[in-house]
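Okay, structure first, notes after.
In this document, chain identifiers A, B, C and D correspond to the written order of the chains, with residue numbering beginning at 1 in each.
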Amino acid sequence: MTCSCHESKTTESDLTIPENDVLITSNDPHHPANLICELCKTFYNNGWVTGTGGGISIREENNIYIAPSGVQKERMVPTNMFVMDLKTHEYLRKPEVYKPSACTPLFLSAYEMRDAGACIHTHSQAAVMCTLLFDKVFEISSIEQIKALPKITEAGNLWYSDKLVIPIIENTEKEEDLTGALQKAIIEYPSATAVLVRRHGIYVWGPTVWKAKVYNEAIDYLLELAVKMKQMGIPTVKNNS
Amino acid sequence: MTCSCHESKTTESDLTIPENDVLITSNDPHHPANLICELCKTFYNNGWVTGTGGGISIREENNIYIAPSGVQKERMVPTNMFVMDLKTHEYLRKPEVYKPSACTPLFLSAYEMRDAGACIHTHSQAAVMCTLLFDKVFEISSIEQIKALPKITEAGNLWYSDKLVIPIIENTEKEEDLTGALQKAIIEYPSATAVLVRRHGIYVWGPTVWKAKVYNEAIDYLLELAVKMKQMGIPTVKNNS
Amino acid sequence: MTCSCHESKTTESDLTIPENDVLITSNDPHHPANLICELCKTFYNNGWVTGTGGGISIREENNIYIAPSGVQKERMVPTNMFVMDLKTHEYLRKPEVYKPSACTPLFLSAYEMRDAGACIHTHSQAAVMCTLLFDKVFEISSIEQIKALPKITEAGNLWYSDKLVIPIIENTEKEEDLTGALQKAIIEYPSATAVLVRRHGIYVWGPTVWKAKVYNEAIDYLLELAVKMKQMGIPTVKNNS
Amino acid sequence: MTCSCHESKTTESDLTIPENDVLITSNDPHHPANLICELCKTFYNNGWVTGTGGGISIREENNIYIAPSGVQKERMVPTNMFVMDLKTHEYLRKPEVYKPSACTPLFLSAYEMRDAGACIHTHSQAAVMCTLLFDKVFEISSIEQIKALPKITEAGNLWYSDKLVIPIIENTEKEEDLTGALQKAIIEYPSATAVLVRRHGIYVWGPTVWKAKVYNEAIDYLLELAVKMKQMGIPTVKNNS
């Protein structure tokens, strides 16, 4: 949340763009390379990506923008970004000083199996706590915020009294080894726009970056509320009988 | 909380205003179209309107300014605003790309039944938790912050030892279907400046936007405190006998 | 936390100062009239003065600067300030549109009985919760943060294993009616630099505004920690036997 | 989080640098004297260094930069900094109005025994709570965030199912008297990059300031999560049998 005055001045004086930076250079704040940096600052302030945890990927047509592995997510700049061709899985841009994100195969699963436009991964403590308080799936019903989430298998969003179900997969030692379980969950839960990972965090995707962001916010709100409900002994799924 | 340097520059260069934007174009930060955007950023940072939830409407004489449905509340700009004539219920300004807020009939109830100047709707987790911890009404007494709230049925504010009572109505599948229950609660609780909606959130209004904002802050403080008191087994209504 | 670019521009163009504004007009950010505005923004972001609650007063020699009653503490500007002569209790500056703070006699007690340089009043929820969890006094010992607080009756600060004791007085319907009990507590607890008010909040003072701010932060940290300790069944006073 | 526009203007007009300020004067935001100020603002906003608590030291080759004792950590400027020669332990710069930090011998232990590049000390409430909830050591396993922390005794970071162990030493009346116990813990726990101090806080170090910052964030995340797990009766070390 520092003032961007200086940064913008610097940008204005950068009149010549190195050739391999064309993909990540734009004055448009909505360009994926800029947006990843901006959104990660917000995610950091929410405690979702502290300690280099978590990340985000945005797709623009066939170009996938991915934040590098192990960097401070709130301090990224566009030149940190990896860019991959979705069809060939080849890197169009690969900053030498960084390692590609271990989340890459997981992001690709969301792009290829669900035609996602963006995928967000956080280490949200509400997400981790819910994976400790729920068994195979996270379930909640009859909370207004549920209406911010999509039905996926048909048009439109969930209704207030619908039950939101998010599958929970078991964590693995290496992040990339989650890919199989994630893909299985995507197939078995065709209505899900997110997958929780036990003792780890959550992956949330959507057709656009803004939808992914909104889904992630709405789900995190529900995860946080669910922890509070559990603390007070209130069931998260309402018995409507 | 980004620096507004760039935005203000942009505004200064906007020398010609499209005709249908006159209603929402002003350099005055207190103009309803500007104020809705600013206050929603604050509400977002408080966790009250994340995931596109919640909203706010401000009345200026007979013009009602309303944020659109389903948009990210912290990213709104004045051109997003709907403007309705309070007397005719006709839209004076209706941005084609957005849907009118489903809260509109609820905001109108506050304007028409209580002559409100503004109405705030949040999905505050403290509000939702209190609707799970209280039955027909939320009640709290003998907390200093109560003195920030109005008596409504007579001049002046509540005293420290007065009991604040906020009715809780049941949620409905569609937000607009809340209107009947909200209006009933407004009639049955003439001292209330807010109505809680079970498993959903809260509506708070006041004679001006600033009073509505202050009432909402004071009530949310009390809702949050009430949850903490319940957690520790402390009754929210003090037995003065 | 908005950018101050515009405000500073406005200030630069204010070349002529109305006569009665001399007392509250300064380019020095440490001038009491500027500092009250800045600190109240911080207090607001901490949840200490939401809903117009709480306040602060700073003394500069014999001039006491006091924020007005019932205003939004995060939106104050220097022209809102009251200025009182400490010796005569006469207002040197009294903005007509505002009411003097009901805290004024309480602030005066700290100035006159303890030669304070500033006094802070918050509605901190940690303070209110501690007044519900403790009886006549708040007590905590053997926490490092205690060392930020003064001994008062002798030079220097408390040691780690010293017991911090803050008296709790009962709340009254009107804030000014607290004065007698506050003064009694100041006399009976000569080591206290703060007084808690049951179901209301806290008053903290110090020889300078910065010391008052630091004391308030350190005490609030300890109040918040004490609530967490009580929740886990940990006594706040360590048994060293 | 105030806008830095004015500060930068001030800096630009400071054309002549007093001789003893050369060590702490730089336009590079990554210069230790600037970075200490910036990071302490973030730590303050996290509640880690309120009430003048906590601190940070950065080493640049043989120069150690240390924030002074008892100052408001969020309001420091580069001229507040002490600079010490790591080899001679002599001050290269010693601002007369301030006291050297009582943490100095503790920071030196991290520099000399572990060749650290920076050392962070916070009064994090999660750290204090964990020292009240754990006995000789803090232990947690099978949480993804653990992977942000180093093995120390061999290359690379911990795996997901590894157990993170942080020793807890007993607090002393004077901060400098912690040195012996801290050094003993550093020797006895060669895999630790941090030491908790009972009822006090935590010391975290790393080979660079950025690694120290990331380690501190990751550890604090785990401390906070551990408190939540304890509240819900969930063991922090997973039984994998």
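In the analysis below, a residue touches a chain if its C-beta (ideal position, glycine included) is under 8 Å from a C-beta of that chain, and two chains touch if they have at least 3 such contacts.
All values derive from a computational prediction rather than experimental measurement.
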* Cα superposition angle of chain A on its copy chain B, in degrees to the nearest 5 -> 90
* Interface overlap for chain C and chain D, more than half of numbers shared or less than half: same or different? -> different
* Most remote chain relative to chain D, going by C-alpha centroids? -> B
* Structure fact -> chain C to chain D, mean C-alpha position gap in Å, rounds to 30
* Asked: Hey, how far is the Cα centre of chain B from the one of chain D, in Å?
  -> 42
* To do: Two or more other chains in contact with one residue: find those residues in chain C.
  => 1, 3, 5, 231
* Spell out the residues on chain A that touch chain B in their complex, using ranges where they run on. => 1, 3-5, 8, 142-145, 148, 159-161, 210, 213-215, 217-218, 220-221, 224-225, 228-229, 231-232, 234, 238
* Asked: Tell me, which parts of chain C touch chain B in their complex?
  -> 1-3, 5-6, 47, 50-53, 72, 123, 125, 128-129, 132-133, 171-173, 197, 199-201, 227, 230-231
